[in-house]
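Each chain gets a letter, A, B, C and D, in the order it is written, and its residues are counted from 1.
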């Protein structure tokens, strides 16, 4: 089962900066061969369900092994059977509609 | 690895009522032997990481098999190494602080 | 606009226990006259959009004023125009389907 | 109060494609003068709390006015008092750590 996930990992008990832990997770996801797109509130991930969730489990395990005592992650998980869709497909689909609607309406305007 | 998850499953393409699909997931989680607490925006789940995520995968698989073409789930995932905590522990901990703060302050009040 | 929200507040920089901060938010929501249902991963809230979001803003403001340097909240926000629905309606709707499906099928069984 | 939000709007009752509604929200956020970064599972938003949440409310109102009967949104909401941080700061901070860790270790390599 193909899945698109958006993962946001929040480590607790390590102070206010969390970018070191987020970077560690990003590396784990990439080493797992998954397609990822980092953004300011998490990471888009694309892949097979089992591979994606094995990597997310590994993020929690590795952070705990590095001394993070508590982790609170949030995930958005999307699956569909009507068609195959990539991360880039989703963004492109919205951007196409944005560019269309921004164009001037057809026909004379005055 | 013990995990506390909050799962909210949103099926798309099945109309406006989603309670049938939510009930199907609830049954899957319970048949998996997991501790669950249903609420108005999802279900709290407690158990071993692999058992919990196998059941969540099964929710997506079963709903798709029942004809749901698209599913958008959101999860909150909590793990910690400092101590073992149950779903009921978490609620009790907040309720204790609420009852304490609502109590009259100690000492003479007049 | 009526809204059903599920709010989970995660304070950072205050150690591993977050129940004090969660209890403070719960009091703010209740003092705002909102209907709330506490669960292990957050709080269901029901009310008018402006009142609900004013109270959520106040949660962030009050926690910061109490010395919490960073807050990461997650919200699920539901609105609908087809019918009015309460928090309890949503839970009841799922529970009815669970009890129905658990019952033996009608008619002779042997 | 400055806030960084990640918003994912899921319209129900409009079929399987939701990009038209997501594009409508993107336009509302941009017309409100907010900084936004679209990704495959939502939109990062940066701005003043009141301006950001007024625009999010308007997303729900406009979609309902356009005929969407039910909307389920998820938000990640971040505020902090220790320092001012932009959306781009957050991504840059993680990317710096990723590039550092990817560099070859110091010392002779043969």
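Basically, a contact is a pair of C-beta atoms (placed from the backbone, for glycine too) under 8 Å apart; a residue touches a chain by one contact, two chains touch by 3 or more.
As the structure is a prediction and not an experimental result, all values here were calculated from the model.
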{"item": "Chain pair among A-B, A-C or C-D whose interface repeats that of B-D, sharing over half of the contact pairs by residue number", "value": "A-C"}
{"item": "A-C or A-D, whichever has more C-beta pairs in contact", "value": "A-D"}
{"item": "Averaged-CA centre spacing for the pair chain B and chain A, given as whole angstrom", "value": "22"}
{"item": "For chain A paired with chain D, centre-to-centre distance based on mean C-alpha positions, whole Å", "value": "12"}
{"item": "Centre-of-Cα separation between chain C and chain A, whole angstrom", "value": "25"}
{"item": "Of all residues in chain D, the ones touching two or more other chains", "value": "13, 16, 69-70, 72, 74, 76, 78, 80, 82"}
{"item": "Chain A - residues contacting chain D, complex", "value": "4-6, 8, 16-17, 19-20, 22-23, 26-27, 37-42, 44, 74, 76, 78, 80, 82, 87-88, 90-91, 93-98, 101"}
{"item": "For the chain B and chain D complex, residues of the former touching the latter", "value": "10, 12-13, 15-16, 18, 69-70, 72, 74"}
{"item": "Residues of chain C defined as touching chain D within the complex", "value": "1, 3, 13, 49-50, 53, 57, 60-61, 64, 69-82"}
